[in-house]
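Have a look at these structures, which come just after this line.
In the two complexes below, chain A is the common chain; its partner is chain B in one and chain C in the other.
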Partner chain A sequence: MRARAVAAQLALLAAVAFVVWYLASNTVANLEARRIASGFGFLAREAGFEIGESPFLSYGAADSYARAILIGLINTFRVALIGVVLATVLGTLLGLARLSRNWLLAKFAAGYVELLRNVPLLVQLFFLYAVITENLPGPRAALSPLPGVFLSNRGFAFPVLQPHAAHAWIGVALLAGMVLAWLVARWARRRQALTGQPFPAFAAGAALVLGLPLVVFLAAGAPLALARPSLQGFNFTGGAVLSPEFATLLGGLTLYTAAFIAEIVRAGVQAVDRGQFEAAYSLGLPRPRTMRLVILPQALRVIIPPLTSQYLNLTKNSSLAVAIGYPDLVSIANTTMNQTGQAIEGIAIIMAVYLSISLSISVLMNWYNKRIALKGARA
Partner chain B sequence: MRWVRENLFGNWASAIATLAILWLAWKLVPPFVQWALIDAVWVSPDSRPCRAEGAGACWALIAEKHRFILFGTYPFEHQWRPGLAILLLIALYVASALRRFWRPALALAWIGGLALIGLLMWGGTAGLAYVENERWGGLALTLLLATFGIAFAFPLSILLALGRRSKLPAVRALSVLWIELVRGVPLISLLFMASVMLPLFLPEGVNIDKLLRALLAMIVFAAAYLAEVVRGGLQAIPHGQGEAADALGLPYWRKTLLVILPQALRISIPPLVNTFIAFFKDTSLVVIIGLFDLLTSIKVALGEPAWSGFGVEAYLFAALVYFAFCFAMSRYSQDLERELERGHARTERGV
Partner chain C sequence: MKVRLAVAVCAVAAFASSTLHAQSTLDAVKSKGYVQCGVNTGLAGFSQPDSRGAWKGIDVDACRAIAAAVFGDATKVRYTPLTAQQRFTALQSGEIDVLARNTTWTVTRDTSLGLNFVGVNYYDGQGFMVPKKLGVTSAKQLNGATICVQPGTTTELNLADYFRANKMSFKPVVIEKLEEVTNAYFSGRCDVFTTDVSGLVSTRGSRAPKPADHVILPEVISKEPLGPVVRHGDDRWYDIVKWTLFAMLEAEELGLTSKNIEQNLTSTNPSIQRFVGATGDIGKMMSLDNRWAYNVVKQVGNYGESFETNLAPLGFERGINNLWTNGGLMYAPPIR
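Let's turn to the complex of A and B:
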């Protein structure tokens, strides 16, 4: 029996190895026949194409392929990170709305979830892109729903804070507030363990985290000057301008993923047993502390694993950028492949990037799951 | 009245939410109805009436291009063949949804049905002219991609799921490698791989056409996701079932086929249907490598100068078609889940 198992496995491995060798030898022969170079030497060569948007890092057609791909990577992270934050906020609100006692609100959220989940993301992206580029007016007649905000077929322009020296200090104050709040919480926990006296550590922490930056902000004379966009020739300058492609991709990813997150949040809250509420109330815990100490930790245990996989999905879905022309990693790697003919290297770069994101997230998740797993329960 | 007070104006926050939604509906719904129904241009051989002042939605685009959207570039006089194939596929979907038909004969019906569809689409015999699959397209292609993708990926996924739980380290390692590699990368990268890398893998002179290459990538992709669902079902079967089969002296394959899989697959049906929905939506990605599915046909129709600028109508229509299929599946999966749970609860009470 044992010998048979070993033999079967050896045969399987040999078959897989043979297939891999066969494909690899074909590939080598084909590459030679078509005179396609191999290896990553092309990365140092001049790319020769322009990229629509390259925030944080300058880029021109004379730069190398490596730099172009780096820009693509930055663009992927930019849309994915902002998308994750917005989708979490919107999804949580929708999930709670579905549980609301308000019939209209619950039905509205349910309708949103059903509609968005059952239409492919790519169709939604094409639709949003058509709305922005075909139906919004040109910059000269841009819609302005709020003063300083302009919606046009060239993108969305809105005001941003004028940089000011005090902003850095506000950041420092925020950090200091967080550290202090953590120290206070630790002290309060020790004191409660020793003497049984509770201390409103949460309120004190919140006051520190929010209050310190506020004090600095007021002391610096409340620097709130805004850089407003204004029409210059055919487009807006000043403030922040989102390109139609970025706005489409961000909007599409956010709205689509929020529908899935809403379901996760709803399931998580519903998974907490009613008895948990009742037990906490009968212990005399007030409602906010019941939520924070009893309900939320249990709901989060259910919510966090599927939530992370939604974050990963959002990141992977950002590769649909190639269909609407937002220069993300996949779209730039695609251009690179078309120009150099080095498809294997291009796809290897795409896969390596996404695999390392996925694997690092799943390592993090396993660590987190182990931390929050029920003590004494079997995995 | 009392219902309204309790369910819409329970407290001040609830009242604000109600009023906000009503205000939004009042602002959005009448103009939408005006645009989409009252002012709409329903039939017109060209887009001139749509471009007139005050014209609403241009559904004439859909009316004019419906053959193209349904069948792509399939030869016009033979389009009854993909039409019949679509009807056959839908009949198979409906039959598989009814629990009355859940018996081994259903698998035979599927094999026969798919063979018949292949004959209809390709032709070449029985008096049907041969149509190469570069010319297949439209909704027919979308349904074919989704159906054939699942039909091949599902058996493969069962093997992968069993492999992942196998005691043999080599089998387990290969299964894990497949599942995790595929799930870690976006589908687009697999489609790119199929469209540009696969030709390099094959020896000189061997050519697989674009449709089959894309289908291959979709199968590899779907199998990895389905395998995780099946594995979930396998894990939910109590250990006692396998141990009882062992005690009866059943060898591995008979134990798996007769005891474990029937139970595991039964409880995995609702999540499997959800994965089918995701896969059906994912078939739209083939537009990026230039296959002629539903979404590509719509994009191409819009590319004609005569009809350009009506993207909103065209993509609303695409959304409606996808929604019809996905919503039906998702409703079905929810109902089935409720039904299976009820059956489960009853037997437990009975015991």
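Let's turn to the complex of A and C:
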């Protein structure tokens, strides 16, 4: 019986392998017959097109296709990472708001969720993009709500710190503060467990995290020179600019995904037995601490698996960037495919990248899920 | 379960192997009864559906002419609107039989993309359009500008070349759909919109809220010979598409129009006799009806007629797109 099962599995595997081989060799033969170039040699060739935004890594038309695709990947990461963080924060707030005893707040959150969840994301992106580009004035008539901050249809230009040697030391002080705060918290927990005496660990930690960098900052003579944007010719130069395309995509992904996360959080909290609330109250814990110490840790177990899917969705949805002209991985790979004619290679790159990103998120979230699972319980 | 798997394997195998013995395009077109033609999603004068949904334009006329040559019926065409990014994959994969979508003939496309350009139906060049109120009079003043451009075009590459050569910088806003990219320009997201000059004239005329508010700068920064494209590896089909295009030019040179070609069936001019199929076997050499060229001119018209009905109303001049006999570049090899 077992031998037969193994044989069947092997036969199936062989059949799949044969089909894959057959399709691959057939494709290569067909490309060959039509003299369509194939292979990844094109990656080293000069790309010849410009890219609208390339933070962290410089790029010019004389760079290679490989570098252009890397810029696209960075742009995808940038919007997906920030989007995941913002959507989680906003979604959690909305989910809790929907459970609130405040009627107006609860109804607002419910309305938000229904509206955003039921309109296709692409439509929301077009809408946001039109709102930004059609309503904001041109750069010469830019709105300036604060000195040095400009809002126009070229984006949101704002001042940034002029780099200074002391900034690195401030960063080091911040890290040191965080480590110390963590140590203090651990010590305070132990002491409370042993002696029952509470210690204001949060206040002490905050003082360390903020205080240490502040001391270094003042000691270095408060280096706060700003690089301010200014209008030169057609556009703002100096400072930093958030482009309308980036703002639209980030805003759209965040608002849309937050609606789903809100429902997941609400479901998670509601899944915790009422008895847990009542037990916590009868011990005299106030409502916020009940939430933080009793309810959320239990709710998290219900929340994490579907939350993982939302993170995956947000990342994959970021490829809608193409529609509004944000240069993400798909947009740049598309252009590359079109200029080189090597569609199969381009699609292979896109698939490999999204697969790796998705698998990494899954692995990370599964690891976290295991960590917070009930000890001794079976998954 | 096993049965289902077997069926799936057979289906995949059949699909993959059928592509191995690819049918000739002419046979495939004849057996399905129409030409599948890849066109623009909506560029006035080149290919755009009119208010009743009928496609109009010189690229559309190229498609209709092929149908007239193959079937003797210019209506046997189906159109696939394609963006710049989709067009080559659609042709390579066999989704369309011919691409007539203001596509520039370049060596890369003609070789490594596995395609063949059959000729040129419009000689163009790339230009820049700016709002009049910017006060810009030359492309040399565009340093630092934000420029709207469509991806997957020669436009995108020429633009980068031009700014590099002139040591200027720019910020591209790259949007695939013509509708969205022109919206971005007209709403002021970009200072400049760049594409083929024909595309600028056409979008200014048909999409600008106020056409008079926009100027096209004098610099033309590239050569953009636009023409129909077919796949590598089917010489018969390549010949048919190429000579259909030439037939429209030759007809104009011979003075044959959709109005007078009927009378010319009995012409005594030997060139015209050959053209309309009264003498010779030219149609047969192409595996077509001997009246193929007559049908093209009778139903679609000659190149000049197509230009007059589609492009002249938008303000296009014949210019270099005139016949060589009138000082232009349009020249068909002898039909004999």
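As a convention for this text, the second predicted complex is superposed on the first by the 290 of 379 C-alpha atoms of A that agree within 3 Å, B and C clash if a C-alpha of one lies under 4 Å from a C-alpha of the other, contacts with A are read in each partner's own complex, and residues count from 1 in each chain.
Here, a contact is a pair of C-beta atoms (placed from the backbone, for glycine too) under 8 Å apart; a residue touches a chain by one contact, two chains touch by 3 or more.
This structure is a prediction, so every number in the text was calculated from the model and none was measured.
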- For A:L122, is the partner it touches chain B (first), chain C (second), both, or none of the two (neither)? first
- Message: Quick check on the superposed pair: does A:P244 touch chain B, chain C, both, or neither? Answer first, second, both or neither.
- Response: second
- Message: After the superposition on A, what does A:G52 contact: first (chain B), second (chain C), both or neither?
- Response: second
- Query: Given the touch rule stated above, what does A:E114 touch, chain B (first), chain C (second), both, or neither?
  - Reply: first
- Message: For A:L175, using the defined touch cut-off, is the partner it touches chain B, chain C, both, or neither? Pick first, second, both or neither.
- Response: neither
- Message: So in the superposed three-chain picture, is A:T340 touching just chain B, just chain C, both, or none of them (first/second/both/neither)?
- Response: second
- Message: Quick check on my understanding: which residues of chain A belong to both its chain B contact set and its chain C contact set?
- Response: 12, 23, 26, 29-31, 33, 126, 130, 134, 322-323, 334, 337, 343
- Message: Could you list, by residue number, the parts of chain B that touch chain A in their complex?
- Response: 7-8, 10, 14, 17-18, 21-22, 167-171, 174, 181, 183-189, 192-193, 196-197, 199-204, 277, 281-282, 284-285, 287-288, 295, 299, 309-312, 314-316, 318-319, 322-323, 326-327, 330
- Message: Help me check something: in the complex, which residues belonging to chain C touch chain A?
- Response: 5, 9, 12-13, 16-17, 19-20, 84-85, 88-89, 92, 108-109, 111-114, 142-146, 151-152, 156-157, 159-161, 163-164, 170-177, 180-181, 183-184, 187-189, 191, 231-233
- chain A contacts chain B in the complex at 5, 8-10, 12-13, 16, 23, 26-27, 29-31, 33, 97, 100-105, 108, 114-115, 117-124, 126-127, 129-131, 134-135, 316-317, 319-320, 322-323, 330, 334, 337, 343-344, 346-347, 350-351, 354-355, 358-359
- Can you name the residues of chain A that touch chain C in the complex? 12, 15, 19, 22-23, 26, 29-31, 33-37, 48-52, 61-62, 126, 130, 133-134, 138, 153-154, 232-235, 237, 244-245, 322-325, 327, 331, 334-335, 337-341, 343
